[in-house]
Every structure is written in C-alpha cells, then in structure tokens.
Amino acid sequence: MEKTVQELAEFLGGTVIGDGSAVISDIKGLAEAGKQDITFAVDPYTEYLPQVHAGAVMVEKEVPAGDNTLVIVENPRLAFSKLLVLFHPRQSVQSGVHPTAIVDESASVGANAAIMAYAVIGKNVKIGEDCIIYPYVFIGDNVSIGNGTTIFPSAVIHENCVLGERDVIRAHAVIGGEGFGFATKDGKHTRIPQIGNVEIGDDVEIGACTCIDNATLGSTKVAAGTKIDNLVHLGHNVEIGEDCFIIAQTGIAGSTKVGHHVIFAGQTGCTGHVTIGDNAVFAGKSGITGNMEGNKVYAGFPVRPHIEWSRTQAYIKRLPEMAKTIKALEKKIAELEKKAGV
Amino acid sequence: MEKTVQELAEFLGGTVIGDGSAVISDIKGLAEAGKQDITFAVDPYTEYLPQVHAGAVMVEKEVPAGDNTLVIVENPRLAFSKLLVLFHPRQSVQSGVHPTAIVDESASVGANAAIMAYAVIGKNVKIGEDCIIYPYVFIGDNVSIGNGTTIFPSAVIHENCVLGERDVIRAHAVIGGEGFGFATKDGKHTRIPQIGNVEIGDDVEIGACTCIDNATLGSTKVAAGTKIDNLVHLGHNVEIGEDCFIIAQTGIAGSTKVGHHVIFAGQTGCTGHVTIGDNAVFAGKSGITGNMEGNKVYAGFPVRPHIEWSRTQAYIKRLPEMAKTIKALEKKIAELEKKAGV
Amino acid sequence: MEKTVQELAEFLGGTVIGDGSAVISDIKGLAEAGKQDITFAVDPYTEYLPQVHAGAVMVEKEVPAGDNTLVIVENPRLAFSKLLVLFHPRQSVQSGVHPTAIVDESASVGANAAIMAYAVIGKNVKIGEDCIIYPYVFIGDNVSIGNGTTIFPSAVIHENCVLGERDVIRAHAVIGGEGFGFATKDGKHTRIPQIGNVEIGDDVEIGACTCIDNATLGSTKVAAGTKIDNLVHLGHNVEIGEDCFIIAQTGIAGSTKVGHHVIFAGQTGCTGHVTIGDNAVFAGKSGITGNMEGNKVYAGFPVRPHIEWSRTQAYIKRLPEMAKTIKALEKKIAELEKKAGV
C-alpha cells in the first residue's frame, strides 16, 4: 500500500510540517525507518531526529527534525498503532464453523463468528458475534462469551465462566480451572470442591499460559480494560479492578482484592486475603505480604515504598564499611577507656 | 434440591442446635448466606455469627450464634466440601470412547472410562476404570494410568510415565517432558538424552501448566497425596514425598529430594541435589540453596528460619537509623579524643 | 542389546583398562549399576568407585577403581549420552501426514517429515525434511521450519515465525504470541499491534510452556545453540545470543539484548531495554535492573557481583550483633563523657 504523508496525516487527524506529497509505503521503528517509511518519536528519542532520515515522523509537537517531515499528532504511540494496522492488516479469518469443530447442539454461535478446526464447544455455550475461536480451544458447558472476543489456540475456558466483549485470550490460557482449596486432617488433604466461576470484563487481555482459577463459591473476577501478560497465576476468588497491568509471571493468591489502575511488574508475588488500593504500582519481584495503600510505588520483599526500599539497598551496600567503622570505634573507645583508667 | 437442616446434619453425622425443620436449598459463603442457605464458620470468623442470618451454620462447637441454627460437626471445612458436592454435583461425563479419539489398538481402556473428543492414546497404554480423559489429551506410548484418574484438556503425558489412582491432572500440565540435561564442551551444549520417566502416586493433583520433567535414568517421583498448584516446575529426578503442598510458580531443580508433608508457598525456588526434611514449611518466594532440616518454618533468600528472617528484616529497616547512630558516635569519640589529647 | 566392553570402547574412541570381554546389556547411574551395566564417573564421584561393582565405568583418566573395568574417554558425560541413545533408542516415528492433520494446500512438507494427528498447518508454511510435528501443534501462516526440527504436542507457532534446523520445541510452548505493548491515555490501555515475528536459530531447545512473544516490529531472536527450560518468558524484541542457558521460570522483559554463552539460573528476572555481556552468569532468583558487564558471576536483587552479594549476606546475618555492639558502644561513650565531664 502507498499513501502520501498528507493522506496519512488526514487519517490520523494530524498536521504536516514539511513535504506532504512524499509517498510512504511502510511503517518502521525510528532506527530502521528509511525515506519510504513513516515512524514516530517521543521524548527523549526526539533528540535523535537530526540523525534520522525517514519519510515522515509522527511527533507530539514541533521539534528540530533535520530533513524529516513531521506529522504533529496528539498521541504519537496511538497514531503508530493505527498505522501499523493500516499497513499490516491482520490476516483475514474465515467466519463459520469448521466441519471438524464439535459444537453441542444446545450452544449458540453469533453472526460472523469463526469456530476453527477441532474446537470443542460444550452445552448451552453462548458465543457472541464476530468471535474468533482458534483450533483446539475447549469451551466447557454454560460458558458465555461476549461479541468480538478472540480465543487463541488451545486455550481452555472451563464450565460456567463468563467472558466479556472484545477480550483476547491467548494460547494455552486456562480460565476457570479448579482453585487450590483443601481441608487437611491428620496430614491428609481433602479437596474442597470449587464450584464458582471466573468472570472477565470487556476489553481484557489474558496472556499465554496464564491460569485464572475459579472461585470456591461466587466468582474470581477481572474487571474491564485490565491487561494480563504471560504465565500469570490468579488464585480462587481473586478480584482485579479495571485497567490494571499484570506483567509476566506474577502470582496473586486466593481472595486478594485489587483496585483499579494497579500495576504489578514481572514476577511479583502477592499473598492471599489482602487488599490493594487503586493506582498502586509494584516494581518487579515485589513480595506483597499485607494490605497496601493505593497511589504509591512499592518495591522489594517484604514490599515497602520504593524510595525507602532504594535507600535501604544503599545502606545494605554500605554494610561492610559500617562494620569496619564500628570496629574502629571499638578500638578508639578501648584506648580512651585505658587513658581514662576505666 | 431442598433438604431440612436435620436431614443435612444426619448426612454429615452432626448435631443440630436450633430449628432442624428449616428448609435449605443451597450452600454459600458466610458473607453471602441467606435464610435458605447453609454455610460454615471456623475461628476467628465465628465472631461474626451474630451479624449473619443464614438458614444454618456448620461449626466445630457451640458459639454465640444470633438467630442462626447451628450444626455441630467435627470438621466444618470438610462438611462444607461434602455439601458443596451434594448441592452442586459435577456435570455428568459420558463414559466410552468418542469416535474422534485415536486410541492405539494395543492400548487398554478400563470399564466406565471416558475418552473424549480428539484425545490421542499411544501404544500399550493402560487406562484404568472410571478414568476421565478430556479433549486434546496426548498420552504417549507405554503410559499407565490408575483407576479413577481425571486428565483435563490438553494435558500431555509423555511416554513411559506412570500415574496413580484418583489423580487429577489439570489443563496443559506436561508430565514427563525431557529433563534439562546437557554436556557442555568448548561452549557448545549437547543434549544428554533423558530416558527415565515420571511416577505419580495415588490421590495426587497436578495444576494447570505445571511441568514435571522425566528422569535422566530412573524416575522423577511425586508420592501419594501431594497437591501441586499451577505453573510449577519440577526438574529431572526430583522426588517429592507424601502429602506435600507445592504452591503456584514454585520451581525445584533436578535431583532434589523432598520429604513428606512439606509445604512450599508460592514462587519458592529450590536448587538441585539437596534434601528437604519432613514437615519443613517454606514461606512465599523462599530461595533454598542447601539441605534443610525438617519440622521448621523458613523464609527469605537465602532461606533461613522464619523467625530469624523476620528479625533480620526488622534490623534492615533500622539500617538508616543505625548509620546515623554510628555517625553520632564517631563525632562524640572525636570530641572525647580531643579532650583527652589523643 | 548386548555389547562387550571392548566394542563399546571402540564405539566411543576410548581405551579399556581391565576386562574388555565382559558383556554389557544396559547403561545405568553410578549408584544403580550392576555387573551387566556400564556407567560413568566424574570427580568427585570417582572416589566412590571402590564401592561400585559395575560392568564398566567410563572415566576421564585412570583412577583407583576397585573391581571395575575402566573405559578412558575424553568426556565421560558425552560418552554416557551416546550410550544412552545406543541402549535406549527413541521410539520410532512414522513419517508422512496423518489423515486427520489439516495442512493447507499452499504449505510444503519436506521429505521424511511426520505430521501427526490433528496438527493444523497454515498457509504458505514451509516444513523442512525429517521434521516431527506432534498432535495438536498449531502452525500459523507463513511459518518456516528448518530440517530436522521436532515440535511436541500442543506447541503453538504463530504466523510469520522462523524456526531453525534441529530445534526442539516442547509441549505447550508458545512462539510468536503478541507482545505486551499498549499505549495508555487517560488510564485506558490501547493495544499497540505487534506485527513482528520470532526468529529461532539452529540447535535451539525451547521448554514446555515457555512463551516467546513476537516483536513490535522486526524480530524477537534466539540465536543458535541456546537451550531454554520450561515456563520461561521472553518479551517482545528480546534478543538472546548463541549457546546460552535460560533456566526454568526466568523472565526477560522487552527489548533486552543478551550476549553469547550467558547463563540465567532459575527464576531470574531481567528488566527491559538493557544489555547483558557475553559469558555473564546469573544465580537463581537474580533480579537484573540495568546493563551488565560480561564475564562475571552475579547474584541477588538488585543483582551485584556474586562475591559481593555473598559478603553482604554474611553482614546482614550479623546485623543483630552489630546493633548490640553499637548499643554497647553508646553506653561506654556515655560513661566516658560523664567521666570527662562533657
């Protein structure tokens, strides 16, 4: 596909500074873009523009740009996303039910949905319009899936779960597996059946190999707009608020309630039965052992405010020196005591 | 289903204190239970009973209960489990081999077992009575599976592995993948073939996306009664004792031997070739770097006794204050030295 | 199979010290080997040879060996690998395309390749000679796979990815899932489409349930000879050099560049957009937060040189004692001050 810079600017609702008639045929990263490519730059990378020789660069405001034509847009990252889709449309998916898919006769499939080869769809399942169900997806009885949701190969949606609209469930995700609940007597563990489900809001993404267990009773919940990375574990009865980020390999134990706009960086662990306030941010490898106030940045294990954690790390680094100082002080005091005849 | 409180008490072998004729139609959590529901309470939650208005509450001993009828039972959690199954029976599974399942003619399938759509069962496989094999389960050659075991969708049981009776293998678990063994020469890694298997005892549960590698020679072993959560990794030749809990995202490196009744909380890591004693308990995110005595509670990385770890954390928090004190002492000593004419 | 010690020594290019005519019928570990078995020993295990009564022991050089015949070889571990394959050949795989496999007519399958039951192969896919594709493997459009590569059950290779020759992709690995990239505005996260791919070099192994995300643009890369364990996460645009080891449950965030021969032990976490030098080694549970020089051994979080980390741990253990010493010094100084009339 070829578009002029001016055509792209109009598509984005942006303004051209420079040659709007130049022809663009692809979109690339700042370091790779050539004269036929459009790219974008945000601070501090706008500094490098004089060394870039692209067809056009999307930026937030006018900056020194060397020989590059600029396209001023409100949000260069979003504009970049839009052009990515324009220049690289996803491969088309054919709607309809593949003859090898096994769809129970009590299930309903919305208009324009695609059920690919070897999918297995249980009793009373409801699949919305425009859904895309890849091969080997297993959908248990009574599952409900909103319009426009995509489920990638081999994901498992266990019985009774509810997915929202426009959700993306990646390969091998397991939604609604039975929570880890046992009653122990005389050292023997007996399973407590977990009969609840998982409810996922709209516009949620669930990463590859991420496991979200069902609730003992009621629902494990992930609210609208939350994005979850790969290999994450959410225990039974966990509740996650709206628009959170849960980065790869994070684990959250049972019954913990998380507010809105919370960020858990990678490999964070959170104990069960605690509450996390809105807008809390946890650095990578955080270990959360209690209730946490919102609107703060935390780090470490046990987790503490990030600034305090950093300061403590600095002191830990100085420990050998501190030990030496203490030894020197002991010596000096001994001498003073000797002198003073103590 | 409807049952009177008296009928439920008899089913559980318990005793009613209050109105045994009240009709119960469901089982709920303490916070959600209404007048038609039965629930349970253990300390410290029994305190809240005066604010609860349930149909009946299962408890261990008589407590102040407001307007609630009590059912005294030996173990309220176990009683709760039994009633969950009573009021919410698992959906029935149809026994027999689905026409799309591919079962090698040398394999044997026990009475009343269910082999669902698209399962693939290899040569000489033995599947016990009453087993449930969900769609897309791959079972390699020579695998043996005891009676009453359930394997959820897409789990992979590699060749030669042995599963016990009444095991539960969750979605996407991988049992018997080749262990991570290489011989390195001049910086190039050559695979050491791992020809052993995995042996799982009776009544074991293996979580979703959990990976248990096969042994180099001999067997990687998980003994009877042990329950493993999601996304756990067990390396080649690991041996786990009876009735352990291994919580989500724990990893145990090759050849480590774990005793009975050991608990690894989430995200624990354990190095290879070490021995863990019976009844050892490891807090979340523990990092185990050596042999560990049993009958103790540990935490931290490197792991140490929990009480010592907690104390150390308190001292770490006080480090800035300690540094200040040392500085003040230095100053005082300098003054004393000046005064003493040192 | 039966072989004399002499025949095995010739097969390995080794030298017999002892009875070359003894007949060997299996290969076992040092502790299990009996008179019909061959085994191997490297230091410090060679010490135990006088207590071993095997048919033959492969060693690097002559050592006191009790009644054991020795076979001197250059690399006993490699020799062990070779004999494992000799005595325990992998079960044979039948080449050809299984009738239930769905292979797009635009795909090409090399000579002698095996495409097993229920595999789904997309448009324009190229599968090399001698490849083995297990059941439920999903291969997206335009994927290219080199000769001799094996893909275990349920692995997912998303569109446009490139695999090398002789790669091993284990069960449930997900290659080329969409990277975790979003543009956030007013607290709402909008996906940045990730249109790049993943490129895997020759002789690479990817563990079970390991997830390697595709690049935003360009390629996420794993170079030749690198071995990756189970449950590992590599973010978008990560680049891994040659002959690295990435052990189980390690996570590496987006755009990080890793050199050659780097070792990440289990549960290591690495932040995004950093550079790791050649031959760097990270102990288990390392937390990498910045660029790291090569040719060093690191540990801890935040990561530091291993020796410094160990020393710091020792000081942390001594903290209670240090606090006591400081208290004692304060007291002594107070007394000195009193005496000096300060």
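Points worth noting:
A, B and C label the chains in the order they appear, each numbered from 1.
Assume contacts are C-beta pairs under 8 Å (C-beta built on N, C-alpha and C of every residue); 3 or more make two chains touch, one makes a residue touch a chain.
Given the structure is predicted, the values throughout are model-derived calculations rather than measurements.
Think of each touching pair as a link: the shortest run of links from chain B to chain C has 1 of them.
Both copies, chain A and chain B, contribute mostly unmatched positions to the interface they share, with under half of the numbers common to the two. Chain A and chain C carry the same sequence, and matching their CA atoms takes a turn of 120 degrees, rounded to a multiple of 5.
Remark: chain A and chain B have CA centroids separated by 26 Å (rounded to whole angstrom). Touching of two or more other chains is recorded for residues 118, 136, 154, 172, 209, 231, 249, 267, 316, 319, 322, 326, 329, 333, 336, 340 of chain B.
On chain B, the positions that touch chain C within their shared complex are 102, 118, 120, 136, 138, 141, 154, 156, 158-159, 172, 174, 177-178, 180, 182-183, 185, 187-193, 195, 209, 211, 213, 216-218, 231, 233, 235, 249, 251, 253, 267, 269, 271, 287, 289, 301-302, 304, 311-312, 315-316, 318-319, 322, 325-326, 329, 332-333, 335-336, 339-340. The touching residues of chain C, counted against chain B in their complex, run 27-29, 32, 75, 77-78, 80-81, 84-85, 88, 90-91, 100, 116-118, 134-136, 152-154, 170-172, 205, 207-209, 225, 227, 229-231, 243, 245, 247-249, 260-261, 266-267, 284-285, 313, 316-317, 319-320, 322-323, 326, 329-330, 333, 336-337, 340, 342.
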